[in-house]
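Across the two complexes that follow, chain A remains constant while its partner is chain B and subsequently chain C.
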Partner chain A sequence: MGRLFFRLILRPLLRDPVRAALTTLAIALGVAVVLAIEMAGDAAAGSFRSSVESLTGDADFEISAPGGVPGEVAASLLRLPEPLEVRPRMESFAEVPESGRVVPFLGVDMVASAPGSSPSGSLGLTSLEDGDAIWLGRAFHRRKGERISLLVDDRVVGFTVAGVLSEQRGEAAVVDLSTADRLLGRHGLLDRILVRVPRTRSLNAWEAFLRRAIPSGLTLEPQGARTRENRRMLEAFRWNLRVLSYIALVVGAFLIYNTISVSVVRRRAEIGIVRAVGAGRAAVLGAFLGEAAVFGLCGSLLGTALGRLMAQGAVRLVGATVQSLYVSSTPAPVMLSANVLVFGLAVGIAISIAAAWLPAWEAAHVAPVEAMARGRVDYQARVHWLRNLLWAGALGVAAYLACLMPPVAGKPFFGYLGALLLIGAMALAIPAMVTLLTARSGRWMARIAGPEAMLAGRGLLSSLRRTSVLTAALATAIAMVIAVGIMVGSFRQTVALWMENQLQADLYLRPALTAAADRHPTLSAAIPDRIAALPEVEAVDRFRAYPISYQGLPATFAGGDTTISSRFGKVQFLGAADRKAIYARMRQGDFAVVSEPFANKHHVRAGDALSLSLAGRTARFEVLGIYYDYSSERGFIVVDRQTMLRYLPDPAPSNVAVYLKPGVSLDRGRAAVERACAGRQVMVFSNRTLREDAIRIFDRTFAITYALEGVAIVVAVMGIAGALLALVIDRRRELGLLRFLGASGTQARRLILFEAGLLGLFANLAGLCLGVALSLILIYVINRQSFGWTIQFHWPAALLSGGLALIFAATLLAGLYPARIAMRLNPIEVIHEE
Partner chain B sequence: MPVLTPYPGKRVAVLELDAVSKEYLTDSVRVQALRDVSLRVEPGEFVAIVGRSGCGKSTLLNLAGAMDFPTAGDVRIDGESTRLAGDGALTRLRRKKIGFVFQSFQLLASLSAVENVELPLLLAGVSGARRIAMDRLRWVEMDALHARLPHQMSGGEMQRVAIARALVHNPRLLLADEPTGNLDTATSTSILRLLQRIVECGDTSVLMATHSAEAAAAAGKIVRMRDGRTEP
Partner chain C sequence: MKSSLLLLAGLLSAAAPYRLALPGYPFEFPRDHFNHPDFQTEWWYYTGNLRAADGHRFGFELTFFRRALVRNPADFSPWKLDDVYVAHLALSDITGQRFYHASRLNRPGPGFAGAALRDALVWNGNWSARWTLPPPAGFSTVQSLRAFDADFSFNLGIESRKPPVIHGKRGVSQKAPGKGHASHYISFTRLDTNGVIEVGGKSYAVRGAAWMDHEFFTHQLDRGQAGWDWFSLQFDDNTELMLFRLRRKDGAIDPFSAGTFVDARGAARHLDQGDFSLEPGRTWKSEKTGAVYPLAWKIAVPSLSLRLDVTTPLDQQELTPQGGYTPVYWEGAVDVGGSRRGSGYLEMTGYAGSQGLTGL
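Take a look at the complex of A and B:
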């Protein structure tokens, strides 16, 4: 059996190495992309622990509260008659000015952490100094006694290296608690207290004990809870990325289907002969599925190696997105684990066999006599295009219904199903499209572009199944480019319009230390006071943000000056709520507005109440409205600044918006503001610069999606090249005959190029229709259910037309080599073969 | 019944093979397909080349049809030598002066009868192709079936369409390679009658390769071949 498989299946593949290589490479690229995203996701997000989390050591519990935990709580825990290890911490970030890298900046109790004392192992401190001493991770490559400057909030501070954190290989800087308190202006408020309990009773019992021992407004969680929260938050992002990575594999599946179909067509007579001499249906089915499995195995092995390489690049892009939108983290090294390897092989082989099933099944069920019958050499699979069109309509309706369904466990499963059904509908509608476009167009095609165009059209029509599969493969890839292009373009435009409303101030200030979704460094409180007193300045809006946890998911609690917002702002609320009335009410007490992503994620509506634990006190805010916001996927709860200060009295703002007086030029105003910030590391942005920066970050965030689409297109174009090559080989008789009838070699070449062009045209047309439909699903179903953003539909016309033209050109290029082969065919030989 | 248009111009030999030899290299093995063959086909002449399989009939037809070059000797089609012609010149020569008929009809499966017939004219960029094609189909009595696809026709009907296609550009020479090889006796007879009519109605000459003595009998002149040589 093995010998027969080699002789009848493998040997012919070896005789057609270019096509076999193209099919293998198509599968390899599909598998590579899936594995690369899987590995990059694991490195950047899956195995995610935020930079700060990675320094928590072996604690069992952590006590925290937005705005800080009073220092006395740590002291009271230490006074308990239990041998608890209590480690109070202040957590922030600092920037290394020379490199621009942002590193965790921690304040810990050095007395407790000093060598010899119990928790020293957790950080591995090797020395202790006084004053502005600092302990650095090994990655700093600094020695004890050296000086180092770090940017802390809006100040550059000099430190003396007191020692190296022996167990911390990454970049982290640790100072004494009192130093951190002074530099960060925490007034004794801690960010977290880590607690390690003895194993004398169960963790649940200890949790209950600790809960009784701390004030009620504080959050007590098992250690690692934040990591789990972050993982949950990143799930939607990873899901969508994963789904996107499967596109190239789906395109590859179309090509495997085509390859096996061609294989069946070519070996039709052989199938009849082996059936006649005793082979059963199962043997024929097994042979063709075996061929697909060989492609799958070779492609997967190659894809695994390629995927490992691609993951290196992907982790940078994924990491940048995680940083921009979610949380500060440093990607872990990319790991090719045994699990990933097995997964890659399984996916590649399984999808190849699944894609080959239909043609293999047909081959097994063709009657031997029919298979051996001479006459119609080109086996034309029967394609019932009208019936398929009806099925396409049914799938389209099913896709629409799927899109009306709600998310399942926060994931848009029905949205994905709708997208898959639409792809299926498109694949089924393509035979009808090709038939209608080519059946009656032969004469005018001949008139406009010569007989080669007419012959190309007829050629494609005569092998309708093959044409349809190729068109569907390329159209799927094109559709995804269009869909994601429209979605991203619409999102970009929506964000740009939103920024026009949101950013009304002339100047914006923030500390030089880079902010992120989970870190909000602060400016000295005196700065906005100084700016407000400037004669050039009309008003100053102070905005303070705190990272918090709400219902087990990270969120942001913030306070802004609603008087200023009411006077200058143009923030838009859902349902066209009265902005000024909302702001006026917010000033009266515990009222809040929430951003759209927050409302969608937590199912919050106007009138609902939010219960938050702030600095040890429980606060209850009534939601007055939901506003459009695209700055963070975590979601915002915003209260009036005075309300916030009642709970969290730290007046230092995270950023400041400055409104200049009428008639004051931007340059003059900026110069005055910069003078007021003298001595502090403050970034001053004009309105325009801020928008440009935001759009740059936006583009960086979506770079990975463009990269994934690019691979899908490459796979599809490779498939077209391979298929055209097969087509030239299968139709060499026809090409040879044309030479007998007076066609020149150039005309034979033009015929193949026209076929490539027509395939590209059909695929562009089908891809455009499907892409627009998929973009609606992406914008109104998948995005809304995954991230909760409202995106206004926009046509990125230039991007779409440019992309389609590029793909069309690539399809033509894919036809060049097969066309060259067609031109060089020896007509006498190919006619003689008959 | 429509009549083929007589070919204008002076009456030179339609085909002249002058001491032609042809050698092939197949899998590193030299094969002498033709040895020193000379042949002359006059306008309006119906010549049959007779011989067993592998005697060189098809090679001779390929050289006569400007599809290949001789290794030695000269081939002149309507006075034009193919020896020094490039691919473009040979293509033009075929378009104007040669028509082919094959044993297995060689119709394009995706084209209807009339589309198959007009194809050589379209490839040559001749205007009014459809009208001429219909005219030729009428001549072979296939105009009623002009819209049929090849798989909707019988063998005899397909060969008639193939003959109409070979004649559509009014060639000087029609080359027929075993044109009755795939047909039953009655249909073969009607096809041979059609080939005879071609030479009777116009200036087109027919050179037919066959291994059938009955088919050869339809020709005005018979040339026998063995082992790549013509026999006296």
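Take a look at the complex of A and C:
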């Protein structure tokens, strides 16, 4: 077996190093991308724990409530006749002005200094007397006694470093509850209460005990539930990213298939001989699968190393997406764990073997006599393009049906299946396409581009199977680029149009501390009041958002001024519901509108009631309408500002929209508003800059998808280069004969380049058709089921035509090296070999 | 006269905005049983000797301290640090020869700790003294003490028919020369106690006698004072004796040492340093801190014909509170023999060297 493997597989491979290297590299790139996304996803999602979850110590439970937990709850827990450890916390973020880094800013009880929340070193109650004491994580590199300034909401606050948190790896900044309450304007409300229980009874028993001890409106969860909640929310995103990352590997699989097919064809004679001298079918099958496995192993090993490098870049891109769509996080270091390593090897080898199965099986079933006979004609004749086309039709129908299926556990499995079926359908339809296009157009091509073009077409047709596989590989990659391109382009256009409607005010204000989907720093309540009194200002809309949890998923609860929205806003509701009527009713009491992603995630319709606990009280809101929103995937529940203030009385807004009086220039209005903000760190945006910012964030969010597509294209082009090289080597005899018959070297070169060009053309055509179909699945099935956004279909014409031209050019480039080899063939030598 | 005097030794100078303990203070009860935010420091001290029906003997200590930190009338935050509350809890299992103790520190917060008349409660988390106000006819006070720790807990009812004693002269217990170097010091010297102690997975129904001190002041010691020895003794004939001896850093006994004798009807008689003598005997060295405490004492009060031998049934009753914000001291149950028999509590501070001086 070992000798057989060496003779049949390794020796030929060593003789053809360029092609072997290209195949290995293709697998490597595929594996690398999968691993990079896996590692980057882990790092980006994993970091969430190390930032906000810092200093949670060894607590068992956490008590929280949207809008805050009254401090009295902590007191009543402390007074229970049980030895509980109770740690009240306020949680926010602050920015380090010099570096612009946003760090967790926590208020904990520095007096009680329960274990796990206590700073190292002596407690120093005296430092608390001044109210500016702060304890910093090591990463700040500050020493006790130094001064530090932090941006908290809309002001810069100076602190004295009272200690360094030795057990704190991250960048958390910790102050006493009294300081946090004053700076964050919490009015006695806490964000969380952590509870550690003694091990005298089971955690379930303790949970039941605590549940009875706290008001019903509060959420009691095992510690870390929020991290799990965020992971759940990120799951859909990570899933889609993961699926996207497999594209390059699928393209790589086509190339393995091709490589093994070429091996089989080339070694037909050898296969015949070894079979004739007694080797069994299993041995032949094993030898070729072994070849695939060697490619898989080498590719995976290389891919793992490459993936580790790529992850470094990917983590920034993934982190940016997570940050703008989901949660505040600073990516953790990228870790190449043993699991990931084994996973990468397994995937690479498994895909290679699976892709090689069909040609290897064919090799094993060739009758020895047939194999030893010369020629490859019979082999190619086996491609029944019409039968394949029928199969393609059947797969297409199956794909369509799959797309009608609902999601499974919130994941669009059938959407993915539909996409895979469609790719299969395309692969099966390609022989028909090649046949129909080349069979009819040979003479026509000869007239326009010379006999080389005609020969190129016939050459492709005569090796139909190989041509089809190559075309399918490239077409798959192209289709993905097109599909994702159309989806992202449509999304971008939809968001731009939505912003036209959404952003009607002249100026927008927010605190200098940057907001994220899960953190909403506030402006001093006095600022909008001052602005409203300005003679230049017509109206001021105060918007306040709170991160909450609804049915175990993060969401946002917000209050807006519906009087002003009604007067100026142009928010669109689903089903063309009457905006003004909805706003008018919202003012009358406990009514809400929800954003589309929220409605989709929680299956909420107009008329449903939402039950929320706000600051420990239970409130019920009737949903009046669902509005289009693309600002956050978490989903919004919006009520009228007055309604919100009844439950959560803090008047400080997170955002303020300012409408100027008619005739007031933007510059004059802006100057007046900025004067009214003097003394506070407030960002003032004009309508235009806000839109530009939003689109910039959008592009940053999708940068990772562009990167993944790019790699898939590179793999496909490498495959084309390898395949053309094989083509040239296989057709030495043919090319030699042509040269012998008088064809010049240049003509031989043109022939190969034409073949490359035709391949590119076929692939572009198939890819375009498949891409458009896939984009429909992405937009209407996968996106809807995993994110719940309505995306208006839109042709990003420039992007598409540019992309296709680029890919075409790349295939031509890939033909250059094989073409040069073809040109350099010595006809005499080749003929002599016969 | 309690341990946190030393705890505050480093802060004697920072007392400017607070009221001093001066002669002629108009006591008003029950108001004066609760907190006095005008004064910087205040404590409520409960100690007692208890027995279960099977003879199992216990001693207990539950102490609440209040320390003013910042006075800012403009701060309305429920988390403001106007005061901090420290509490100590100890249980002496004398029959089992084991000593348990715990300590905690809390801000008043929205109900974490406090001592307000409004609540009729002195508490720190789930350690509390709940007062029945007004007390039932015939009683000077009725309270319930509850405390929970990981290792033990107790729930004790205490009541007294004797009126509260105000120590010292003209309402002040002078500790050092000069105006205000004094405290207002009130005691319930005999509290009939019964309730339940849970320790080591067992529950004991107990009865016995407890003693309560309440003291508030702004600064009372002077820098020359190093520590003290304090006795609260309850005799079988229904009389009680409180004595303290202040030790100076040079080893001398401070002339401001004093005491109070309470007769069976509850009448108090002040004792000056010249009225009594205290003589330390056998010593015991703490393995944990290295401090050497005298655990046997001879007391003589000639004017009352008292010649007493004080001994302890459990050597290890040293408190070493965690967190570094309170000093190390010995406080434990004692037996009294001699001309009168009885039991009581003894507190000794300033023996653990620098460990006794790490303050807030």
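Quick note on the criterion: the second predicted complex is superposed on the first by the 807 of 834 C-alpha atoms of A that agree within 3 Å, B and C clash if a C-alpha of one lies under 4 Å from a C-alpha of the other, contacts with A are read in each partner's own complex, and residues count from 1 in each chain.
Keep this in mind: a contact is a pair of C-beta atoms (placed from the backbone, for glycine too) under 8 Å apart; a residue touches a chain by one contact, two chains touch by 3 or more.
The model shown is predicted, which means the values in this text are computed figures rather than measured ones.
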Overlay on chain A: chain C relative to chain B, clash or fit: fit
Partner chain in contact with A:563 - chain B first, chain C second, else both or neither: neither
Chain B versus chain C as contact partner of A:72, first or second or both or neither: second
Partner chain in contact with A:827 - chain B first, chain C second, else both or neither: first
First (chain B), second (chain C), both or neither touched by A:177: second
Touching partner for A:446 - first (chain B), second (chain C), both, neither: first
Partner chain in contact with A:572 - chain B first, chain C second, else both or neither: neither
Angle at chain A between chain B and chain C, C-alpha centres, nearest 10 degrees: 150
Contacts of A:741 with chain B and chain C, given as first, second, both or neither: first
Lowest C-alpha to C-alpha distance for chain C against chain B (Å): 88
Footprint overlap on chain A, where chain B in one structure and chain C in the other make contact: none
Chain B contact footprint on chain A (complex, rising order): 375-376, 378, 442, 446, 450-451, 454-455, 458-459, 461-462, 733-734, 737-745, 747, 827-828, 831-832, 834
For the chain A and chain C complex, residues of the former touching the latter: 70-72, 74-76, 78-83, 88, 109, 111-113, 122-123, 125-126, 128-129, 176-178, 181-182, 188, 198
For the chain C and chain A complex, residues of the former touching the latter: 69-70, 75, 77-81, 84, 104-107, 109-112, 123, 125-126, 128, 146, 148-150, 153, 323-325, 360
Chain A contact footprint on chain B (complex, rising order): 58, 62, 65, 67-68, 87-88, 91, 94-95, 100, 102, 104, 106, 108-111, 115, 119-120, 122-125, 151, 165, 169
